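The two complexes that follow have chain A in common; it is paired with chain B in the first and with chain C in the second.
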Partner chain A sequence: MSRKIILWVSVAVLCAYIAIALCAPLLTPYSPTEITGAALQSPGAGHPLGTNDLGQDIFSQLVYGARITLLFGFCSALLAVLISTSVGIVIGYYGGLLDEIVSRAIDIFMPIPMFPLLIVLTAFFSPGVLQISLLMGILGSIYGIRIIRAQVLSIAQTNFVEGARAIGASDFHIMSRHILPNVMPVVMMKFVSSSQRMLVMGVGLSFIGLWDTTTVDWGTMIQNSYTSGGMALGLWWWLLPPGIAVIGISLALALIGYSFEEKFNPRVGVNRI
Partner chain B sequence: MNLISIEDLSVRFSTRSECIRAVETVNLDIARGDHVALIGESGCGKTVLGMAVMGLLPKNARIGGAVRYREHDIIQAAEPDIQRIRGKEIAMIMQNSANTLNPVKTVGSQIAEPLLIHQILPAKAAHAEAVRLLAAMRFDEPERAAERYPHEFSGGMRERILVAIALACQPDVVIADEPTSGLDAGVKSQILVLLKQQMADRTLFLITHDMGTAYFLCTRIAVMYAGEIVEIGSTHDLLSMPMHPYTQGLLASLPSAGLHPIPGMSPSPAYLPEGCRFCARCPAATDRCSTCHPPLNDVSGTRQVRCFCYD
Partner chain C sequence: MISGNYLAKRLCYSGAAFFVSVTITFFLLHLMPGDYITNYLLSLTNALPKETVMQFYHQFGLDLPLTEQYLLYISNILQGHWGYSYAYSVPVFSLIVEKLSWSLVLLIPATILGILIGTVLGARSGWKSGGKKDLALFNIMIAIRAIPEFWWAIMAVMVFAFYLKWFPLGGYTSISILTSGISIPDVLYHAVLPIALMTFFIATGNYYVMRNSMISVIGEEYITTARAKGLDERGILWNHALKNALLPMITITTFQFAAIIMGNVFIETVFSWPGIGLLTTEALRMRDLPLLEGIFLLDTFLSIAAMLVADVLSSLIDPRIRMGKDV
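Up next, the complex of A and B:
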């Protein structure tokens, strides 16, 4: 029961974040890049979280920042999961030479730590946010391919796959209608956990200042407050809100991930008889 | 006119160190409307033979001979061609009902699946047909049963679901591999009665180790031993007057005949003896049996035996 409450609270938090990102213009009168008045104002009327060193409204930045941060996390995770699911199912189901080649390639890429690699790649090519998201999706799929492949290997041995063949199902039908639903719990968990990872990594990259600094997201906000003296001056309303926002969404996604297994696997369900 | 004819079918599996001869030069004709049982103990190759008829042998199998169905040779045909036949014209009731159903799909959707794959009915009508089939399989509340998952059913119910899946496309031929294994006597007879009704105007190829099941469902019995057919005859002839010593031994080992087991074990399919494969366990074996391999001889028009006793 308490698990259920945790799940619903986390889902509510996630929905709130998404709603805030979608309704940003309704929540604040300022654009996040607009210079609205004096610099470094304390929280007060008109500026609930004060202004930064350029006189931009911090609350507006926080609200609009949710858009880039969330979109980045979900897009990268979606791409990663799409790649790892489709590749994992195909190589796990057919096996043979293709499987051997892909698996060995994964063995080579696996030990390379993703975040440092991303830092190097973005520092060299200074790509846009979209390209970074693509890159992270591809790099992030590597580990997932392994997990899905391992699942598919055991599922492909089961009698119901043989049974599906016996009713005339094609390989594609078996992969999409029989194997996919059975790996779906893992895929969903993988999606939630990698959106959390990708989101935090995106914040990390922008905090280091490796992507377009004119985009407003939580990472650049933290970076600005850090480099422009917000931290030294003790302006907590500049530094803490984006930090807490990141912690909140990342916690919610993690908890949803933990609760998902029960939801998606009918055999684990306790109240379904 | 034969609907299915198995011609000199051999199936071998090569491992690194040995060659497993699972099925060897099997010839069997099944006419339209015929109900044929293949009887043998575990590991004699009967399931492999069933899989061969479905064209479902694993990739590492080395196959010789042919399985003819209408104008097709199932062994040689291209996979998409057999896919069109499988489930639609030749359906299979698989062994081990517990794992043959997909655990994450509702029973109704699994019964409707062959109808959708072969594009016989649109989705809605297929679901309605699934409910009708469940009703025909004597489910009390077919609409509710269709919405449930396999783990919510008992073994006997799952077996009936498998029968429903096999019959969904109204196939001409049904291959049933141990349809009643693991079921208690009451449930078993229920399934058998159901199968008998459903098979009335279909062709049945039953794979079983159980004489009673074969006697109840089939008009003809083929006895398989160590990958070979050792005796074929009509159910009545074969059971009332078994000719091959192995068939005699099988009947004597039934509880009703006093439980006299055949001494010894059947040979490993990797190390088959040169002569008669039953030689080591045969009470009537002679010197000739251990050196020469007996052919399958015609005894009468409908009866064939692989034994030197009937030369």
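Up next, the complex of A and C:
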């Protein structure tokens, strides 16, 4: 029962974040990069969370920052899941030479650490936030292909797939109507857990300076405040809000992910002695 | 037992992975806007005579055909000549090796402690899974993992170093190094907080693996048999369940050692600890491509080695793992 409550609260939190990101211009009159007044003002009328060292409104940065942070997390996760699902289904279903080639390629790419590769590629291309998230989606899809493929291999052996083939259904029909719905729980689980990981990763990467500092997201906000000594000056309203914002969404996604996992993955299920 | 055939296959894949990584770094260096030498000399001085520049080109072999350069590059990588950093103007390899030893000062104690704590907690939690204590611990672990590492690090610096003043704010030594040289107690004093945080993270990661592994071992028939024989629960836990549940930990542990080189980027950055992590952040801020590529190659090499070690170890320990079929 309490598990269910936790799940629904998490979903509500997630929806609230998405709503805030979508309605950013309605919530605040300032643009996140606009200089709105004196620097380092305390919270008060006009500036609910005060201003930063450049005189930008912190509340506006927080609200607009949600857009970039969420976009990064969801875009990367969506791309990763799309690639791993489609490739996994196709190679798992057809098998043969195609499966052999892709599986061997994955074996070769598996030990290559993705995080430093991402950093090298970013240093080389100096891409924008969206490109980095696409890059991360591609790099992050490799492991998922294996998981989906393994699922498809067992589904392809079942009677209903045999039956569909016997009545002359096309391969595309079988893959999209019979196999896809059966791997969907795993796909959803992967999507939620990778959005959480990618989102936190995105904030971390912007914290260490992966993209230029003019992009306003929670990572750069934390980095600015931390390196300019916001906390040492006692300006908690500068450092804490972006951090708490990250923790909120990350916790909500993590809890949704675990609820899914408990429901669909019997191995993680709790067994009583 | 591990078959020679399997080992040979594994070595081939590892070789291929390293080869792919080296090829990526080679092409990125060559596709870079402006070439390697121009960028490198830029960091030294802007106004060099043309002859000197040409001499550098010749010295670095950049006047050779691309295929020859490629072969030269691979042989250089294998011999430890990893190019020169733009920002530091020193050989990448020696820089990385120096920083790596500083990272290991944090990594070795944190990994050992983290594995011990994570394994013990995970085993207890998995053994009594579904109990009140297990669920409480499990939920706490989810919450800990959901909060980003750098946020924990920032909060730890703020609370323990800035407000309580128990530990230094960062760095690896006090200013006294200028007069009295480097002292080990002083370095340890600076290392306590980052080590504690890293231990914390490694332990939560291991907790999950150990808990899941324990839960699946409990379902095995030999545990039921042991119970049917009337052995006491403690004996079953230590002699039957734990030994088998520890198996996945070998893979995880070797992997962690490789992955954590990058994993502690955040902790080293927040604590200004002069290891590979901080080096990565600095190289990234300065867009120092040769240095970043060196770090990437090092990490690839460590990951590949870890995978090999994990495979061989787990097949040596558990003869049921029959390798050679599934790869």
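Keep this in mind: the second predicted complex is superposed on the first by the 257 of 273 C-alpha atoms of A that agree within 3 Å, B and C clash if a C-alpha of one lies under 4 Å from a C-alpha of the other, contacts with A are read in each partner's own complex, and residues count from 1 in each chain.
Here is the rule we use: a contact is a pair of C-beta atoms (placed from the backbone, for glycine too) under 8 Å apart; a residue touches a chain by one contact, two chains touch by 3 or more.
Treat the numbers as computed from the prediction; the structure is a model and nothing was measured.
S.K.: Evaluate whether chain B and chain C can sit on chain A together after superposition, giving fit or clash.
M.R.: fit
S.K.: Return first, second, both or neither, reflecting whether A:Leu239 touches chain B, chain C, both chains, or no partner chain.
M.R.: A:Leu239: touches chain C, not chain B.
S.K.: If we overlay the two complexes on their shared chain A, which of chain B and chain C does A:Tyr94 touch? Say first, second, both or neither.
M.R.: neither
S.K.: Tell me which partner touches more residues of chain A in the superposed arrangement, chain B or chain C.
M.R.: The partner that reaches more residues of chain A in the superposed model: C.
S.K.: Is A:Phe124 in contact with chain B, with chain C, with both, or with neither (first, second, both, neither)?
M.R.: The answer is second: A:Phe124 touches chain C but not chain B.
S.K.: Would you sort A:Asp107 into first (chain B), second (chain C), both or neither based on which partner it touches?
M.R.: So A:Asp107 only meets chain C here.
S.K.: Give me the angle at the C-alpha centre of chain A between the C-alpha centres of chain B and chain C, rounded to the nearest 10 degrees.
M.R.: Computed angle, apex chain A: 100 degrees.
S.K.: Scan A:Pro181 for contacts with chain B and chain C and give back first, second, both or neither.
M.R.: A:Pro181 contacts chain B only, not chain C.
S.K.: Of the two partner chains, chain B (first) and chain C (second), which one does A:Glu162 touch, if any: first, second, both, or neither?
M.R.: first
S.K.: Thinking of the overlay built on chain A, is A:His173 touched by chain B (first), by chain C (second), by both, or by neither?
M.R.: After superposing on A, A:His173 lies in contact with chain B but is clear of chain C.
S.K.: Rounded to a whole Å, what is the shortest Cα gap between chain B and chain C in the overlaid structures?
M.R.: Chain B and chain C, overlaid via chain A, are at closest 15 Å apart by C-alpha.
S.K.: Considering each complex separately, which residues of chain A are in contact with chain B in the first and with chain C in the second?
M.R.: The overlap between the chain B and chain C interfaces on chain A comprises residues 267, 273.
S.K.: Touching chain C in the complex: which residues of chain A?
M.R.: 107-113, 115-117, 119-124, 126, 196, 200, 203-204, 207-210, 222, 226, 231-232, 239, 243, 246-247, 250-251, 253-255, 258, 267-268, 270-273
S.K.: For chain A, which residues are in contact with chain B within the complex?
M.R.: Checking each residue of chain A against chain B gives 158-160, 162-170, 173, 177-178, 181-182, 184, 265-267, 273.
S.K.: Can you list the residues on chain B that touch chain A in the complex?
M.R.: 54, 56, 80, 83-88, 91-92, 94-96, 99-105, 113-114, 117-118, 149, 151-152, 162, 165, 168
S.K.: Across the complex, what residues on chain C touch chain A?
M.R.: So the residues of chain C in touch with chain A come to 13-14, 16-17, 20-21, 24-25, 28, 31-32, 128-130, 134-135, 142-143, 145-151, 154, 158, 162, 212, 215-216, 218-219, 258-259, 262, 265-266, 269-270, 280-281, 283-285, 287-289, 292-293, 295-296, 299-300, 303-304, 307, 327.
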